[in-house]
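The structures come next, written out as structure tokens.
First chain A sits with chain B, and in the next complex the same chain sits with chain C.
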Partner chain A sequence: MPQDANNVIDHFELFRGPEYQEMLARKREQFENPVDPTELARVREWTKTEEYKELNFARDSLTVNPAKACQPLGAVFVAVGFESTIPFVHGSQGCVAYYRSHFSRHFKEPTSCVSSSMTEDAAVFGGLNNMVDGLANTLSMYKPKMIAVSTTCMAEVIGDDLNAFIKTAKEKGSVPDDFDVPFAHTPAFVGSHITGYDNAMKGILEHFWDGKAKTVDALVRVPNGKINFLGGFDGYTVGNLREVKRIFELMKVEYTILGDTSDVWDTPTDGQFRMYDGGTTLEDAANAVHAAATISMQEYCTEKTLPMIAAHGQETVALNHPIGVEGTDRFIMEVARLAGVEIPEALAMERGRLVDAIADSNSHIHGKKFAIYGDPDLCFGLASFLLELGAEPVHVLATNGSKGWAKKMQALFDSSPFGANCKAYPGKDLWHMRSLLFTSPVDFLIGNTYGKYLERDTGTPLIRIGFPIFDRHHKHRYPVWGYQGGLNVLVTILDRIFEHMDATTNVPAKTDYSYDIIR
Partner chain B sequence: MSVSTEPDIAEVKERNRQLIQDVLDVYPEKTAKRRAKHLNVHEEGNSDCGVKSNIKSIPGVMTIRGCAYAGSKGVVWGPIKDMIHISHGPVGCGQYSWAARRNYYIGTTGIDTFVTMQFTSDFQEKDIVFGGDKKLAKIMDEIEQLFPLNKGITVQSECPIGLIGDDIEAVSKLKSKEYGGKTIVPVRCEGFRGVSQSLGHHIANDAVRDFVFDKMEDKPATFDPSPYDVAIIGDYNIGGDAWSSRILLEEMGLRVIAQWSGDGSIAELEATPKAKLNVLHCYRSMNYISRHMEEKYGIPWVEYNFFGPSKIEESLRKIASYFDDKIKEGAEAVIAKYKPLMQAVIDRYRPRLAGKTVMLYVGGLRPRHVIGAYEDLGMNVIGTGYEFGHNDDYQRTAQHYIKDGTLIYDDVTGYEFEKFVEKIQPDLVGSGIKEKYVFQKMGVPFRQMHSWDYSGPYHGYDGFAIFARDMDMAINAPIWKMTPTPWKQEPDYMAIAAE
Partner chain C sequence: MSSLNQTIQDVFNEPGCGKNQGKSEKERKKGCTKQLQPGGAAGGCAFDGAKIALQPITDVAHLVHGPIACEGNSWDNRGAASSGPQLYRTGFTTDINETDIVFGGEKHLFKAIREIIAKYDPPAVFVYQTCVPAMIGDDINAVCKAAAEKFGKPVVPINSPGFVGPKNLGNKLAGEALLEHVIGTREPEFTTPYDINIIGEYNLAGELWQIKPLLDELGIRILSCISGDARYEEVAWSHRARAAMMVCSKAMINVARKMEERYGIPFFEGSFYGIGDMSDSLREIARLLIERGADPELMERTEAVITREEARAWERIAPYAQRLAGKKVLLITGGVKSWSVVAALQEAGMEIVGTSVKKSTREDKEKIKELMGQDAHMFDDLTPREMYRMLKTAEADIMLSGGRSQFIALKAGMPWLDINQERHYAYAGYHGMVELVREIDRTISNRVWEQVRKPPPWEEEGAANWQSRAMASLEAEAEELAAARLADPALAEANRRAQAVCMCKGVSTGAVEDAVIGGADTRGAVSAQTGASTGCGACGVLVDQIIEDLSPLLQAAE
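The block that comes next holds the complex of A and B.
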């Protein structure tokens, strides 16, 4: 019996002893009709070949292990970033259970969100009653200042009209006439979670700026000197937004973070559950129309939002998840230009420290080959940083990346001698990446938690940067933006490289001459 | 925090009734009327818990429930390891449930087993407009080419499939024929069907009946039958639960010919009609197929409970009662073998846990099944409820598990659960990931009782030791003493610090 009350063992060790191993072998042999081991080995090896890669890249219908989620997830991300706002997803309720779980597994925080719980009868008759009852219930129980509505694919397929439904619900007294219920149609079969971010952000801003679905006059823009900031869908939102605020304050820029999730996904454990915390105030969201300019950290998260803002008369700037020296330089200088402020010496010092750190360490990264996957902007930011470090981002894959994104990536590769052998893969998934890692191996892989399956199968060491990160804790609290964020990314990459060096040089009397104490 | 002395039961009941009234007062009238039927204070001797169940959730209340797809793909079918389960529809459903349920299995993932992979048809607008059947057929071809060792395919329908009129049955039939009778199972588990995961379980069970059993009736068994053949039904091998259960059944002399569905294979599903007895752990999700096998093949089934030594002992004897003396003696030998281990676990952990109170809210089985394990450690479950239980679950709960005055909450809303826990201040809450951080923020220790909080197994004797360790580490973690901010507790801190 392997178990011991004084040294309790769980799944990590329990099943490794002979009792369980023999039991599992018997199960396999007698009852599972297992694949012949030779055949298993043959197929496993075949999946590593160029021939398999070609078949794999030829598929046009099946998706295996994609690196993207669906629109409403992005809409929920946006909604929780506004003051006392509850996301309300109109459609099937299971979806909401999934979004909440997904965010909680990443942030290790509660995520509040309600569903209109549509079922078969609503599929037949439409979900109007669900909207009418749902809004009233949500308001009475959770006392939000705003309810931000989005849709699941069910409501989209049956064609529910949010604008009309919300209007009717107000007429029926579900919520007061002047209660803010912005909305966005977020069909799961179009785009991905970053599209949902875009639609929901646009929906909220239009609600406040353009007359609240024709219930009040549209705001008349009176330009001021403020800067609006859009972070985009970002797994590091807590650390990043705090860092961005610190930078803005150093620069004495007047700013509005549109969708500030840094508090609601980082509430203290002090005996009180805060369903809402922080967030962009509704007043600030409305007044954001008057800003001089809006800067977006993620172009592909704001493809519709930015043009809408530009149409209101503001200058807009779209960046691509800037990470590292030059990306941050551009961010800082754009902010300074847009706000008409001087860049303080403190930031020059921070920049110098990041350059210093890279100078100290880049010899360990220079010339190394990397594969990257993630959202399109994150891929761009990481690839730019790797090029700065003298590394080669050989395979860069975004399941939700467009052809335009791939072109932009190629232009980036073309701008650096280290980009010569690099290629972008739009619309591909992690099973494609598996083939790439076998046929054109790299030294390190950068991706989210699901990259660990690629690490297991191909032996490529994984550096966890992206969303979701389920199996490492608290990474979202550390910024990847700003010079400080660049330092964090640098250290994350270096740590994995050093760990890998040690793990591959520690065989006594064989390889441990390179098991150096100073690196 | 509650104290370990016996509280006055009349007071507890009165408090609980008041709590129910307090939350109902917040709702609009219609909602209050509906929710009132799902909340109750248990009266000893009643044959059920006095709540309505398995009815639609109310819009906008923050139900914790999921959907039929979650019940079929996430629970019943997903763990069958050598088949490929296509999440058919948009990308999200498969993405959010990808490898999240910890259904352990042995196999070479991507080659002969596929559980922790996400196969999706990733529906685009054109698939909605023009239908997805052609794409589905092409997907099956691509699966056959790229994953040649798969032993079958299931089509797990997401919401749009049933709304756009796709004929996944026809595609599956055609492709099955084309691939020489390969098992291809269309499952109509669209998320809008039913009121929770529960209908998804039922639909998935029916799909096994229609597309596995009915297809293989003439196939002979691939093994020599024995009089001691049993199948484990309704164990999803979360953290290895089915393994730490199987070992006990084998030790008592039985032969486990199939696991449903944790670490299960299509061959095991097909073998099950040859079993002499089906042993059923998760009644809620797999009673349907057990009843079917009883009616069609004459296989009796018995519910069992492998949480905590008291229930394990009772269950081993109950299972043995279906067999001859050899097995009955085997059960006694197993009970005797593990008694010293169980005593050692209880000796170590009971003093640290006795008198502690627990509130549960889980799916369809554990809100009752784990109560015995807590009681073995001297703990009291003072509130419980099901996400998707039916009346027969509440009957079993009332008749075999809970104490007088227990607070019952069916399909609890986020608001109700928060208010109940805030007021009652139990020593532990056991529920899911969406609830975990809410209660920890409140300073209340918590364990996830769906995923075992990434620990486990909790089933069987080996599992109970882990369960006890985990409950102790949750409740007695030093951090819970530090949740109040000290200077807010002691306004005169300046003066005190100066002393």
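The block that comes next holds the complex of A and C.
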């Protein structure tokens, strides 16, 4: 065999060797019922046609390559943002393993999360015993200050009642009576990870504000001048929250970040393992009820949470993942208005720098066509930034986008001459996107790591912005919010444009007459 | 250095240049390009001029003899496209060090040439002199000669160290090197009555290639292009062409003129920019070839191609012309582009509010006047501050310029389009003009400019906008100057008087004022006395203004 102990080669090279190639070819012939290559080519070409696209869009039962994740993933995201809080997912442990690996593949960091490990018995008789034992074991093993409970589908299908279960568990002494165990029902067969974020955040705030499941009196709101901040489910949470804090400090705003994950997913390597690094203290979470207002960066991540907060008497503002000049302007001005502060000159300077950078590079993005997919708010933020840059976000697709979202997107398109040929696709998947990229091609695709298959199949260069990003490292450490974040997004887009330019002009004596050092 | 001095004097004596011939013997010795002003932001040096003129010869190894500064900053920074060899993009330099300065760099240079020939075997090596070896006395002519003999290969000295003058002079010195060492040293395999040279075309962004298919269609062969996408031997046998077109204004007029003198190749100056210019150039090429013996039916075919191509271009521009009609353009460029682009933009219905003529010759300026009328706003040496002010006061919709001026436009919030060497689109020929108009349309309609001009939305209504901010900073500066005037009136007055009225003849405000006070009370009288406004004539209005301003004074004196 070609693998040689003195010169071990990796899989890139190894399986290109003749022995392996022959083996794989034999397998294809003998076991794979191969079709005629011309037939294969015909079908492949057919999938690029308008006819195929129509059939594809007529699909009503099958989802192919969905661009969304499940509710409990969002719930886990929320829980880790609170002080010494462990997410406890009531249901099957396999699901929990997924959330942990999903996060660690994106953030390159561990995520603490436990499960009640329900098995077949539990599915038949209910998961109460798993809850009772699970809470007790979690407390004794991991010493959290709070256990935030959410559910997987398994518990939801059999109808486990979290409120009653947690009460019973406390009666049985699993955890002390006054131990904080907020909960949220988060079935994956409803909504997506952004719904899970919403439910879990609402569950935790309600727990603290409304009397901890009727075990204490509800808090009486005594309004102060503080601002609550909700980031929503965000793959850039580390960079973004730090940037937002910096902006708040510059503006001298008193704030509480609810679910502060800024330190969770880039803990330092300094000899200490931080099981918990959520930044919102339980005290702050409770006191957040007194704030003057709450600002949410992602409307569709907080559809239930914000009305709940509003019902407590606060003013609420929902943004749509603001990216770029206009989006950030709106964010900054809302914060200034809500907190009653002046916008400092330092931010005006940052704004001017972003505008300057945009002007410097305008000709490379202006007039280009883009396809975007991702979470509904991110799609909105990116599309409005592209419109600002004079680009056309032709296809904007959110598998977890609603009809209301599509309407809002359409209003955005209608507000700009560059939006004339743009369309939003709610509830569609990446196989729909594949058809769109063939029948009405664009210059660049913006999406998460899964877009690389679309890039390969359709030849549309992929700009990686979104969640999850598994195959590029550390993007989450850089903000996409604020003027600085806008600059990062601008540079990310430009880098890909220039890489593409270089890659398509580098054939010696054929295309390299345009392989220029100045772009 | 005497031979370099002679060459420079020779270049200054260019009989093909009317402007030069109009000067007195003494003036001519001072040079044909404006003296550089110490303390001002300056353009490129003679070395840079020589390098950019010759670097487009793609199969030659361009070796820069000097410290890293010269090649480090000039290496492959022009978008002159090649259809084959890439050697011209490889940065060769002797990268001399202190030891070389002390002991001389000639041996170092010789060895570098040897290594290039051993490793790359190019058809020729061009050796560029720079300031430092020129000052320590390295004789690159001798080294090149020795190397050429030793290796049996052309090694061409390009004697144009930076300190001898500006870029334009470097262009010409590069031309001199070609005339002396390259042109006429090879013979083409065959010649035809349809062979032409194109001189001063650099194939930036592939512009030459946009023209070539039309010439191919007419059966006209580009025997040699100096120097866009050229090969060494092509330049070496260029003396066998029947006619020549000189493209880039006066940059290489010496090459065209001397080739006419030595080899009887007639030339004309033309432009590929603009539909009318393109057609005129094709006609002129055909006319010269027919004069030299080509079949007169060539003209018919040329006219047919012109009719067809013009119609096609107009048809494609029409949809843009509607949108661009009345849009105001400020043009900051130099040389040939100052008028050739004017024609093109006017074709698209745009209005030119001003054009700079810093690197333009008198002919360039006259052509601008022909196109834009006597009121043409021509600006010589625009300082960034003046450009900034113009962008505001002229209320231009877009500025077209080279990369260096772009930031003035951008900081003022002005749409800007690159039309110099770093551009990424080819604007030559019929197709190129459609492309330029399309790019202007694309730039003007870019939503970014709206954004750029908007102040932060939290600023109150009526607060400073981009224009008022620009003007405020200018006013603040004017106030500072006024304060300085109070502080030292004599110096301020001297500065004011030193400001040039006539750029062509270098006549200062003070000289004109003295003439007026001395009794010259008409423009003609002032011109006769000082020479002001006898060049391009653009400053006539300024002279009138001075007469008007001073007349109350004079009357009072009477």
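As a working rule, the second predicted complex is superposed on the first by the 508 of 519 C-alpha atoms of A that agree within 3 Å, B and C clash if a C-alpha of one lies under 4 Å from a C-alpha of the other, contacts with A are read in each partner's own complex, and residues count from 1 in each chain.
Assume contacts are C-beta pairs under 8 Å (C-beta built on N, C-alpha and C of every residue); 3 or more make two chains touch, one makes a residue touch a chain.
This one's a predicted model, so the numbers in the text were calculated from it and none came from an experiment.
Of the two partner chains, chain B is the only one that A:Glu39 touches; chain C does not reach it. By the touch criterion defined above, A:Gly367 lies against chain C but remains apart from chain B after alignment on the C-alpha atoms of chain A. Considering which of chain B and chain C touches more of chain A, the answer is B.
After overlaying the two complexes on the shared chain, residue contacts for A:Tyr450 are found with chain B alone; chain C is out of touch. Using the contact criterion defined above for the overlaid structures, shared-chain residue A:Leu387 touches chain C, although it does not reach chain B. By the document's definition of touching, of the two partners only chain C reaches A:Ala359; chain B does not.
In the superposition on chain A, A:Ala348 makes contact with chain C only, not with chain B. By the touch criterion defined above, A:Ala123 reaches chain B but does not reach chain C. Chain contact summary for the complex, chain C toward chain A: residues 76-77, 79, 81-86, 206, 410-411, 413, 417, 422, 424, 442-443, 445-449, 451-452, 456-458. Listing the residues of chain A that touch chain B in their complex gives 1-6, 8-11, 14-15, 19-20, 23-24, 27-28, 30-35, 39-40, 43-44, 47, 52, 55-56, 59-66, 68-70, 72-73, 88, 91-95, 97-102, 104-105, 108-120, 122-123, 129-131, 133-138, 140-142, 152-154, 157-158, 187-190, 192, 267-274, 431, 434, 450, 453, 457.
Residues of chain B touching chain A in their complex: 26-28, 30-31, 56-70, 82, 89-93, 95-100, 104, 106, 108-112, 116-125, 127-128, 135, 138-139, 142-143, 145-146, 148-149, 151, 158-160, 162-164, 191-195, 197, 222-223, 239-240, 243-244, 246-247, 250, 256-259, 263, 265-268, 271, 337-338, 341, 344-345, 347-348, 413-415, 418, 432-434, 436-443, 455-457, 461-462, 465-466, 468-469, 483-485.
Across the complex, chain A meets chain C through its residues 325-326, 329, 332-333, 336, 343, 348, 351, 355-356, 358-360, 362-363, 366-367, 387-390, 416-418, 508-509, 512-514, 516-519.
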